[in-house]
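By letter and in written order, the chains are A, B, C and D; residue numbering begins at 1 in each of them.
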Amino acid sequence: MTSSEPYIFELAIKVRDYEVDAEGIVNNAVYLHYLEHTRHEFCEAAGFSFRQMHHEGLDPVVSKIEIRYIRPLGLGQSMVSKLRLHRRGPVFVFGQDIFTPDGQAVVKATVDIVSFENGKISRGERLAQAFHKFL
Amino acid sequence: MTSSEPYIFELAIKVRDYEVDAEGIVNNAVYLHYLEHTRHEFCEAAGFSFRQMHHEGLDPVVSKIEIRYIRPLGLGQSMVSKLRLHRRGPVFVFGQDIFTPDGQAVVKATVDIVSFENGKISRGERLAQAFHKFL
Amino acid sequence: MTSSEPYIFELAIKVRDYEVDAEGIVNNAVYLHYLEHTRHEFCEAAGFSFRQMHHEGLDPVVSKIEIRYIRPLGLGQSMVSKLRLHRRGPVFVFGQDIFTPDGQAVVKATVDIVSFENGKISRGERLAQAFHKFL
Amino acid sequence: MTSSEPYIFELAIKVRDYEVDAEGIVNNAVYLHYLEHTRHEFCEAAGFSFRQMHHEGLDPVVSKIEIRYIRPLGLGQSMVSKLRLHRRGPVFVFGQDIFTPDGQAVVKATVDIVSFENGKISRGERLAQAFHKFL
């Protein structure tokens, strides 16, 4: 995935005060919550859900995350969380970047998802089908 | 339940930095996590678990919490979380107080638990059996 | 405060998947986050902020919470978080109820706030001034 | 940093029930909390603290995290969180791996820390001094 690929989904999120730690900035782990929430909202907007997949014996799981922290967010700030999607064999790579409302980068992340079918890692065909509009 | 009843379980817990919010004190919601963790450790020490109950069709759920915040905890501090148990008909009342290591009160809480059996609220007989040593 | 008093603020919130625990329902502590977030958004909408107060040496702190859990929320559900405000001497009592979108009660809570001025508990005059439109 | 370098610190941690999500496994973001808590306990054991550094105008911040999820943890499980430290110019690289008690890998992570001195990124000399025993 190159950074020139277009984003296919974006979500506005606002920092909640309890997400800010004693240093006055959003705690590093909270960004993974933002990223996950963005993926779920993307899936829901695309007409399916991780939970529905689960009921069908298909379990997408996070296998790797790489995240760079560029600019911290603080109390009361807003952000725009953007998402790209790319397939690399059995791995679905979400390029997820968060920006301030005026376009400054906050975090840049890559999240690898693989899918398990009935407990075994799959080649990703069913997930590819679900995401076909975006690949 | 009167405050003269003895505690039947206690657990040492240490504040994790991410639990402290921008005001430099443990966020009010985090104490409910400490209280829940204490109840679960108590149950485990007593030889059973909420999850095992769940598998047997018995679901203890929190129906009410009353918590008074007396003294805030901050970065790096330790606490002792203590627990009493009392039954009031179908309701199991956990008296849960948290103290600093030198005995100063941090929070004082009462947590009401009722049990659902196969989806219906129960009279609590099975839960009473599980807790009989402590009632 | 009686339940016949009108709500003065409401906020739509959607459950984030990570807020749901292993039992498939929103964890009890998470509701305190929803309630806190609602208070902060209320204050912001009313033109001031807890953090601004803090800079002015005024620290509103939660002294007591009473919360009843009536109906659990699960994955993907939405809620409406409503708020009333009432003063009882130095204590500002927020009546905070959360409902499903079709009006079914989820939790009903009372949150007591007192304000510290330069480290000492105050009679609440400055906070009353900030909230005067709502009292 | 190669994987043959020895670990210099380890911490036993037990999963708390609220850290487990609806899929029955510890949520991906929670591992960053475990890693952060481990770093802080390491620093405390080594005789200094992030908060003390902060008071001295030195702010270590996380600039990048790479984490691989190998084996999920569930309700009631225990783990051992281990840590290595390595310096690469201004960057302090923590190699942080979490294992089950019997030695199976749970997550493997690399956490990059840089230090800001009075608001500007530093060459890391003061942090190197603090960590000199471990570099």
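General observations
Assume a contact is a pair of C-beta atoms (placed from the backbone, for glycine too) under 8 Å apart; a residue touches a chain by one contact, two chains touch by 3 or more.
If you're wondering where the values come from, they're calculated on a predicted model, not measured in any experiment.
Same interface as A-D, judged by over half of the contact pairs sharing residue numbers, among the pairs A-B, B-C or B-D: B-C. Two chain pairs, B-C and A-C, are weighed by contacting C-beta pairs, with B-C ahead. Once the centre of each chain is set as its mean CA position, subunit A and subunit C turn out to be 30 Å apart.
Once the centre of each chain is set as its mean CA position, subunit C and subunit D turn out to be 34 Å apart. Taking each chain's centre as the mean of its C-alpha atoms, subunit B lies 23 Å from subunit C. For subunit C, residues touching at least two other chains, in rising order: 17-18, 22, 27, 29, 33, 36, 51, 75. By the touch criterion stated above, subunit C contacts subunit A in their complex at residues 16-18, 33, 36-37, 40, 44, 49-51, 75-76.
Interface residues of subunit D, counted against subunit A in their complex, comprise 22-23, 27-30, 32-33, 36, 51, 54, 59, 61-69, 72. Residues of subunit C touching subunit D in their complex: 17-18, 20-22, 24, 27, 29, 74-75.
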